[in-house]
Structure formats: C-alpha cells, structure tokens
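First chain written, first letter: the chains are A, B, C and D, and each begins at residue 1.
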Amino acid sequence: MNRVAILTSGSDAPGMNACIRAVVRGAIHHGIEVVGIRRGYGGLIRGDIFPMTSHSVSNIIQRGGTILKSAHCPEFMTVEGRQKAYEHLVSNNVDGLVVIGGNGTFEGALHFHDEFRFPIVGIPGTIDNDLFGTDYTIGYDTAVNTALKAIDRIRDTADSHERIFLIEVMGRDSGYIAVQSGIAGGAEMVMVPEVLLSASDLVDALKKGWNRSKSSSIIIVAEGETKGTAAALADQIREQVDCQIDMRVTTLGHIQRGGVPSAYDRTLASRLGLGALEGLLEERTNVMVGVINNQLVYTPLHEAVGRPKPIRNELLRMVTILSV
Amino acid sequence: MNRVAILTSGSDAPGMNACIRAVVRGAIHHGIEVVGIRRGYGGLIRGDIFPMTSHSVSNIIQRGGTILKSAHCPEFMTVEGRQKAYEHLVSNNVDGLVVIGGNGTFEGALHFHDEFRFPIVGIPGTIDNDLFGTDYTIGYDTAVNTALKAIDRIRDTADSHERIFLIEVMGRDSGYIAVQSGIAGGAEMVMVPEVLLSASDLVDALKKGWNRSKSSSIIIVAEGETKGTAAALADQIREQVDCQIDMRVTTLGHIQRGGVPSAYDRTLASRLGLGALEGLLEERTNVMVGVINNQLVYTPLHEAVGRPKPIRNELLRMVTILSV
Amino acid sequence: MNRVAILTSGSDAPGMNACIRAVVRGAIHHGIEVVGIRRGYGGLIRGDIFPMTSHSVSNIIQRGGTILKSAHCPEFMTVEGRQKAYEHLVSNNVDGLVVIGGNGTFEGALHFHDEFRFPIVGIPGTIDNDLFGTDYTIGYDTAVNTALKAIDRIRDTADSHERIFLIEVMGRDSGYIAVQSGIAGGAEMVMVPEVLLSASDLVDALKKGWNRSKSSSIIIVAEGETKGTAAALADQIREQVDCQIDMRVTTLGHIQRGGVPSAYDRTLASRLGLGALEGLLEERTNVMVGVINNQLVYTPLHEAVGRPKPIRNELLRMVTILSV
Amino acid sequence: MNRVAILTSGSDAPGMNACIRAVVRGAIHHGIEVVGIRRGYGGLIRGDIFPMTSHSVSNIIQRGGTILKSAHCPEFMTVEGRQKAYEHLVSNNVDGLVVIGGNGTFEGALHFHDEFRFPIVGIPGTIDNDLFGTDYTIGYDTAVNTALKAIDRIRDTADSHERIFLIEVMGRDSGYIAVQSGIAGGAEMVMVPEVLLSASDLVDALKKGWNRSKSSSIIIVAEGETKGTAAALADQIREQVDCQIDMRVTTLGHIQRGGVPSAYDRTLASRLGLGALEGLLEERTNVMVGVINNQLVYTPLHEAVGRPKPIRNELLRMVTILSV
C-alpha cells in the first residue's frame, strides 16, 4: 500500500476532524502517502482529490464539523456513480480508502467493495451511536454532553416555574442519546423508539410524581419516526390530564451535531483513525473498525450494515428508579 | 426602614439569584431584616413569606433560575389581589419591597404603588433587554452567550455541509438577542421586529453571497409576534429561489433562559440588587434601578413601563458590512 | 437490611452528588431507609448523621463537589476511631454502609470490615482513575475534559506566539489524566509516572518537531511525586537546548477537581450508586463496585486496595504517532 | 487611502481574530485593499506581508489567539527597526496601518508615527483592561469569564472540604480581572495592586467570616509585581493564624489568555475593527479607538499610552458588602 484516500460522508459528527488527523498522521508515520477527498462520495465521483500532509491536519483536533466537508450522495447508490469513483481512485494511484460516516456510508462502501474489490475500511462517525460492531461511535459522547448542557439549562427554568418540559433530542431510530442524556439529566421519563410507551404511561408517571409533591419534571423524547413527536405527545398529555398543567416543549435540533468534541470522542476518533489505517496495512478490507470492551475490533461491513444495536435494559430501568 | 421583602416575578433569567443574594446581604450589611416571598406576586397574595439570612443565599451566585421561584400572576392585576398582597406585607411588618422582573412585573408594581404608596423598587431581570431605563437587563448577556454557543455549534454543520441555517432566537418584541448574537456569530443577516425586512431582502442577500462563492450562511431571526416565524420564512425563501437549496431551520427555544450566569450578569445583578436596597434606604420609591453609561440610575416606574428601547442603527449596519 | 448510611471521603470528585442521589433513591425504591454522614469518616466518628429523603437529593445531579462534604480523616486509621464509628452506626440502627472515595477510603473500609464485619460497599470516586477493579472512576471523565478545555485555551496562545508550553496536570501516581488529555489535546509528548522519560527524551522530541518546522508544542506532565515537576523539567530543557526557546510552564491545579460532571460521570455514578445499594441487598460486602467492559463487577476490597492499574501501551504509542 | 495593513502585537487576547475580520471586511466594503503582517512588528521589519481577502477571515470570528500570530518585538523599539518597517510599508504601497495590542504596542506606534507621520490607528487588545481611552479592551470579558469558570470549579472543592482557597488571577499592574471575577465569583476578599492590603487585613476578614460560621472562603489575588504573590501571601497568613487552617493556593495562569471569545468581546472587537478602519478613512491618525459609554471614541496615542485607568471604588466596596 502506497497511497490511501480519506473522506467523510453523511451527517457530520464532532470528532471527525480528530479522526482525519489520525488517518493522515498514521499514514505519514508508516511512510504512506495520503490524499483527501472533498464532500464525501460526491467529491470522489467528481475527482475532487488533493494531497494531505502533516500540516493539513494541524490544529484541527478540537474542531467540530469536518474539514473535508460532507454530503449525502444519492449518485453513489448507482453503478455509474461508483464506476466514476473507482476510476478517480485508480487514476490518482490510490490503493486504499478510508470512509468515515454512518450506516448509509457503509452501505455505499459495501456495494463499492463488492463491485471493485477495492481495499476499504469504514469508521463509525455519527452522533446516534446506532451502529453495530462498536460500543461507541464518534460524536456520540459529545452529542450527549451537548444535550445534557441544554437539559441543565432548561431545568433551571423548569425548577423556577415548577413546570413540565418535554425535550426532544436526536435519534431517529435509536434512543441512545435520549437514554443517556435522560439518566444524566435526572429526567423523570425517557421515551425511545425501542420501547413502546404511550402518552398514558407518561401521564401515570407524572401523577405519581405529583403524589410525591414533585413540582417540576423533565421528560426526554427521542425524535422518532415522525416530525414533531414531542409536540404531538404534549397534546395527548394535555387531553388526558383533567387539571391545567404548565407544560412546554422544546426541540434541541441541530445544536447536537456540532461543537468542540469531548475528550472521549477525540481519543476514540484518534484510535479508530489509526486503527483503520493500520487495518488497511494489515490487508483488512471491507470492514468497519470499532471499539468493543475497549479493544479495537474489525467487523465485516455486511455484518455491520443495517443491524440494530439494542439499548441495555439496565439503563431504562435506571431512569425509572432514579426519578423516585 | 426595618424589614424589606424580595420576590422574583415573570420569566426567570440567569443572574436573578446573584441579585437576590445582593439584596439580602446588602440588607444585612445595613442592619435591616429581609424576608423572601415565594413564587412572585402570587406568593405575596397567599402570604408565602419567610425570613432570609446570609446563609440563605450562600453558594447561589452561580446558579441559573431563581431560588425564590417565579410565576406570572394574573390575580395581581386585580384590585382584590393587590389588596391581599398589601395586607400580607403589613402583617409581616415589611416596609419596603424589591421586585425583580420585566415589564409585566413593573406594571403590577406601578398599580400597587399607586394604590398603597408602598415603598417599592424594581430591578430589571429579563433576557430580552427590552426595558427602558437601563442599558442592560439581568440575564441578557448570558442569553446572548448561550445563543452564540448554539450558533457556533450549528456553524460547524453549516460549514461542513455548505448549508443555509435559519436560527430563531428569543425576543418577541425586541431584537437585542438577535442582533448581538448575529454580529458575534458572524451571521449573514439578522431579522428583527424593529426593522421591516421581507423574504425577498433575504433572498437578495443570499444571492449576493453565492456570487462571492459563499457556500454556507447563518441567518438569525428574532421570534417575532407569531410562532414559527423562521419556519414560515424558510418556506417563502424556498418559493423565491429557483434552484434547490439546502436550508434548515432550528429554534433555540428555552435553553436561552437558563444556565450559569456570565460574569457580566452576576456583576450587574449584584450592583442592581445592592442599588435597589440602598435606593429604598434613601427613600427612593416607585422606581426601577438600572445602569446607564455604567452609572446607577433610578427611573420612575411610570416612565420605564411599556416604553420601547430602540436598537442602535450602528449594530444593524455592522451585520451587513461584516458579512461581506 | 433496613437502613443504610452513605458518606463521601477523601478528595471530592465531580459526580459524587449524582452517586449519592442514586444510593438514596435506590434505597427508597427498595423500601429501605437511608441516612447521610457529613464530612466522611470524621463525621461518622462524631456521629454527624441525618436522615435523607428523595427531596434531599433533588436537583443535585449536575453539581460538582459533594453535598455530604468530605475530608481526609487520620483518626479513622486508629482502632479507637473506628470503634467510635461503629458505635454510632449501631446506635443509629444502620445495617449497611456505602463509602464513596479513593484508595485511602477503601483502606479504612477494609480495616473497619475486618474488625466489625460490618456490611460495607465501596464506590470508586476519584479523578485520578487509579483504582483497580474498575475501568473508570467517578470524576475522571470530567477531570480529563476540564484539563482538555484548559489545554485548548493554552494552545490558542502557543499557536499565536509559536511557543512551547509545559502543562502540569493532576495524577500523583497515575498518568491517566495526562495520557488521555494529551492524546485528545494533540500534545507532542506526555510525561507520566509509569514511564521513565528524561528531559533529554523531551529535547529530542522537540528537535524532531523543529526539523518538521513545527512552531508550537504542548507537553503534558503528570504532577508526579514531587511538587513543581513541570517547572523543574523546564529548567532542564533550557539547559540542554543551545538556542533560546520561548517556553512557559502552567500548572492546572485544583480546577481539575470541580465543575459540572460530564454525562459519562453522571451515568457511571448513577450505575455505581445503584449497584452499591443493590449489592448490599444481595449481601455482598467488603467489596468495591466497579464497571469492567461496561458490566457491573464487585471486587473484594483486599484485592482492589493499593493495586496499580497499568496504562495501556496503545495509548502511549498513539501520542508519539499522532504528533508526527 | 488605497491599501491598509493590519498586525497583532504583544500578548494575544480572545477576540483579536474577530477584530482582524472586521478590519478586513470593513476595508473590502469600502473598496480598499488590505494586507496582513505576520508576527507583529517583527514581521513588519522582516517584510512578512501578504494580501488578505474576505475568505482569509472566514470562520475565524469564534477562534481564540490570532491568525496573524503575535510577538513582542524589542527591535521595533530601535530607530533602525522602525526604519526597516517603514520601508516595507512603502514598498508594499500601504498607506494606513492598524495595530491591535496593548500599551507596549501603542508605545511603538507612537514612536513610529512621530518619526514617519504614517497614518496609524491602534485597537486595544489585551485581557488586562488596563488601557486608558476605552471602558473595555478586547479579551477582557472573555478572560474574566474564564477566571470565573475556574473559580466556580474551585468553589465546589472549597465548599466540600470547607477550605480556604487563594486564587491568583492575571493582571500585573491592574486589578480589573481580580475585582470583576471576585465579585462575580462571590469571593470573600480581593487583593489588587491599586489598593494596599496586607496579610493582616486578610486574616481579619477571614476571622470575621469564621465568627459568622463561614466554613469556606475564596480569596482572589491579582498577580502583582512579583511572581508567586499568592503563595507568599498564604505563608504570611499561616504565620498570623494560631489555629491550623486548611488553605490551598492555585494560580490560574495562561488559561486566561485563550479560548473562544465571548459575545461581548466579539461585538466589541467587530466595532473597534470597523471603527479603526473608518477612522483611517476619515484621516484620523495617531489615535487609539475605544468605546466609552458605549460610543466610539478616538484618543490620541500620546494621551492613552502609559496612563493608568483606576478601578471604581464602588466595585471594591461591593466585594466587602456582599461577602457578609
């Protein structure tokens, strides 16, 4: 292996830059050239490729977002798109590819590898932590801490006004952010896609709290399948409670994607970046590098893609007990 | 004056606790007793009054929200409500009242003073900075910094994805938070209630940016009169731009009210708290204490209430120039 | 088991309050009474014991420090001290004890259990992460993030002035904070007690950086055995470098102990608090509860106390490679 | 005026980048070319000059430090040095110069203007807020907030261990940071260069606190003339108190210089940057641009340089009253 390429794809996540830095510096350490691809698979299709040096990644470890830019790329889901991408890799003398992203990114990688047998390693970069084959994804720890800081702020008001707040956090198919920010934020209840809970369950929990003369409550809701989950839930609650309640809804939204990455995310990103590079050198391909029980693990992409990662029951149980 | 009472009313704002501390410790320093009233004017009407000592306000200077709790109180807008409130003050031997809050709070105070000639001093505590008679209100600096941190996070994503973001900040009748967070956040444009701007103006600005090959844009929108301002604006923009644009809307919401108060807000709150207390001692009444040009100023409540505080044109001009 | 007691001992760590909350609410959930002991073992010796309810731990999950106060207590290292402590537990009808602290705390607990066979469970609460029997201790993740934020600030100046900074972080016998904040902070080198490195090694590393035209450098130094480590090191470096170098030393000090706990620390503290309480119910005693590979593990105190936890070589290797 | 140059000099301060951005974009807005000079006056002497565009300052408003680098430059204090600097300006067709820095920077500017009558405007950029001619300097608000966050963290430990902490903050000749962070941090006492206070005064204050059963205390000390002020003070206190006290010293150091600038600093920096540029256009020269009572004010450099800015007594009085 003489030259590797790196790209970031899909939604950005804090720590992607620390990961790019690790791939680039790991390559330099091992005497390998490295090129960057701008704007994900789309940039690869257009041949937007440039050489990277140690200086290219100076002073980026602490920055959110991705210096390589990112995008979703429907064209890479076509045979023609992937063919163009392959030709650009070949004409640039690239013989290994590292892609940082989420499930959609890896699906693209899987197709690409199936067709061209091109050496490729995926790195899990998404705030949702919904990827099989790794305990944590890059960006998750930062996103949870961002959500938590927001919850802490809102609790000041909830407590001062003795109000109920429904806070919607990110996580379309996965309740990881909701559960961990709920436990750490001292929430009364957490609603996640993995567990079927109705507005009535919520009303029951609220009433129990009122019986213990709890005056304020924080409820965390994962955004779920449909937009406006938390707002719809609030309406249902209002219908089922006979007294008037002071309840507000707030949606944290895009603030959860950005920001300075946490220590954990920078360390994880550095390990996985180096692990991906060294995986390529050891001729591992068509795999995702992850961390399980604090060890680097390479999982075949076809095993990782699209496979759900369940939430531990222990965590959901904790929410209930600790809101006593 | 032998005993003063203090309450917080209306929406909470970061720094209210630092202000309560200053009133309480100022009173103790001057050999005066001090009582707290819980839950704003409502607590006064119900007689929810308790003695406060130096220890009551230990270790609260850094906390958001208000340890006295707060609420909006329609009953205080009635003669009967104010009569009950007056009786509780008299029966508790209170001979001076400090109220921390916004415009609604001062309107109540004005009525109360008109009817009972009760010594009363108001302290401006609201994140909106929309009160006449003071350059800054308690909580404003913290709210702007909170909005700014959110904008910084969102810019990571805007920049990585080359996207347009419409960010809605608080400020129903006043664009202060929008303008200052817009300047500090490097926004391309700021929409405030004080200046009539249409979606077309925004589209023009965006097109100018594209001509200079700006790839991402942040637009700050004050929440305005009607809910969903930013979302409606986004729809109008989409209609007027012929190409497809990647635009997202995010509403910062209640996170702007809470959080650890900034250095400025704690200092301002301390000054105003002490100023209110010493104002009462100097027999000032029916006034709001504020800071103008860094000097303590007492403005009669009837002059302060309901009077708009215009935004300096210099600030709006800066947004345009600096987004070149 | 009908009544458990809880105390915090030794240096405070962020997350201790979240842990106290979990023990108290876990007890209430299981129908058990719970009492708090103020100021660690010293309070137990003096009988400073009080009942706790669910409300005692409201709104504390986000606070640094410990509401139970803490202290180091030489008297508990005597037989007489422990005898008094035992008598207070008995006279207060306590039949289980939870202690949160570090190595010294557990040593005391071990003696206490040996003498009185009193049911006792320890919870690892120390920023140093130097306890055997758990992958992470409560407070470590927060301390690393605090150190990291400081490093990020200092890098602004290092980079602007093209300077070398020696930053001393906490960790007397253990380089965990140094290594993780070094990796995440993009440090050029990390000096830890576990690895013998001399000033010459540092000078070599600096010279290599200069050859690659690196203009600024961050070096992280664990505080080590003797005070003033980083300052002494700086003097040695200055002696060995023939040209004049712009080098500054800064000691982060006590800021690393406090602050709002991170999401990870609050979750870990909640798990361990609940795990300690439920361990007592399952008649586990004389153990420390920890988390290994994300599972709750109970390690006998005599196995945990005084046993070093080595730093993974992988981490030290990463520092070298990534500073290329 | 057709082409202006900009440099940053002396110690870096948060907000310098926002200021550079405002000068550059202000110039572009007014149809003027702008060049940057690297590493302060030294870079000017060496001719390290490069053209800047709107893109040069994209996405820097939130960054600490200075993208132009900075340095102290003894050579500019010589006639020869300034002669070389002048020649580089002339040969680069520069006809106006903006310098961002502190007192030393302006002293250099004053000499330079006296000799060459070169149009020059200074912008106050220093965390110390010790410049006459402006209410606030760029970086001061951020530095105070950074010190305050550190004080908040340390108070967690002070409170948990019932300890006394002496915290040394920056401010060699000026107690601004000490006073404002002391008020906002709820300190018991603040020691500043402007007011002569001895260790005995401190001991008296501490004893008064103990009489009111205060168990922890925070004392803020400005770094003062000699190194190790706080440590020396601690020794003197220990000598004068007959009982044993648990007292710790911590020096915040260089963390106060860096970090993401606050909303206030970014706004101030933007105003002053634009004000400096437009001042040059209006043929103001040999002046420093500042903000007094929220208005832009141009003060002749010879009036501003070396003139002390006193601390308001009101602030020092507040520390005493509020620590009751």
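Quick note on the criterion: a residue touches a chain if its C-beta (ideal position, glycine included) is under 8 Å from a C-beta of that chain, and two chains touch if they have at least 3 such contacts.
It should be emphasised that the depicted structure is a prediction, and the values quoted were computed from it without experimental measurement.
K.L.:
Please give the intersection of the contact partners of subunit C with those of subunit D.
P.N.:
none
K.L.:
Comparing centres built from CA atoms, which chain ends up most distant from subunit D?
P.N.:
Measuring from the centre of subunit D, the most distant chain centre belongs to A.
K.L.:
Averaging over Cα atoms per chain, report the distance between subunit B and subunit D in Å.
P.N.:
Going by mean C-alpha positions, subunit B sits 28 Å from subunit D.
K.L.:
I'd like the Å distance between the centres of subunit A and subunit B, where a centre is the mean of that chain's Cα atoms.
P.N.:
Roughly 35 Å separates the two chain centres.
K.L.:
Distance from the CA centroid of subunit A to that of subunit D, rounded to the nearest Å?
P.N.:
39
K.L.:
Name the residues of subunit A that each touch 2 or more other chains.
P.N.:
Subunit A, residues with two or more chain partners: 152, 155, 159.
K.L.:
Chain contact graph: line, ring, star, complete or other?
P.N.:
The chain contacts form a single closed ring, each chain touching exactly two others.
K.L.:
Can you list the subunit B residues touching subunit D in their complex?
P.N.:
So the residues of subunit B touching subunit D come out as 18, 21-22, 25-26, 28-29, 54, 59, 61-62, 135, 141, 144-145, 148, 152, 155, 159, 180-181, 183-186, 212, 260, 262-264, 266-267, 270-271, 274, 293-294, 314-315, 318, 321-324.
K.L.:
Given the complex with subunit D, which residues does subunit C contribute to the contact?
P.N.:
Checking each residue of subunit C against subunit D gives 8, 11-12, 14, 39, 63-66, 69-71, 146, 150, 152-157, 159-162, 165, 248, 250-255, 257-259.
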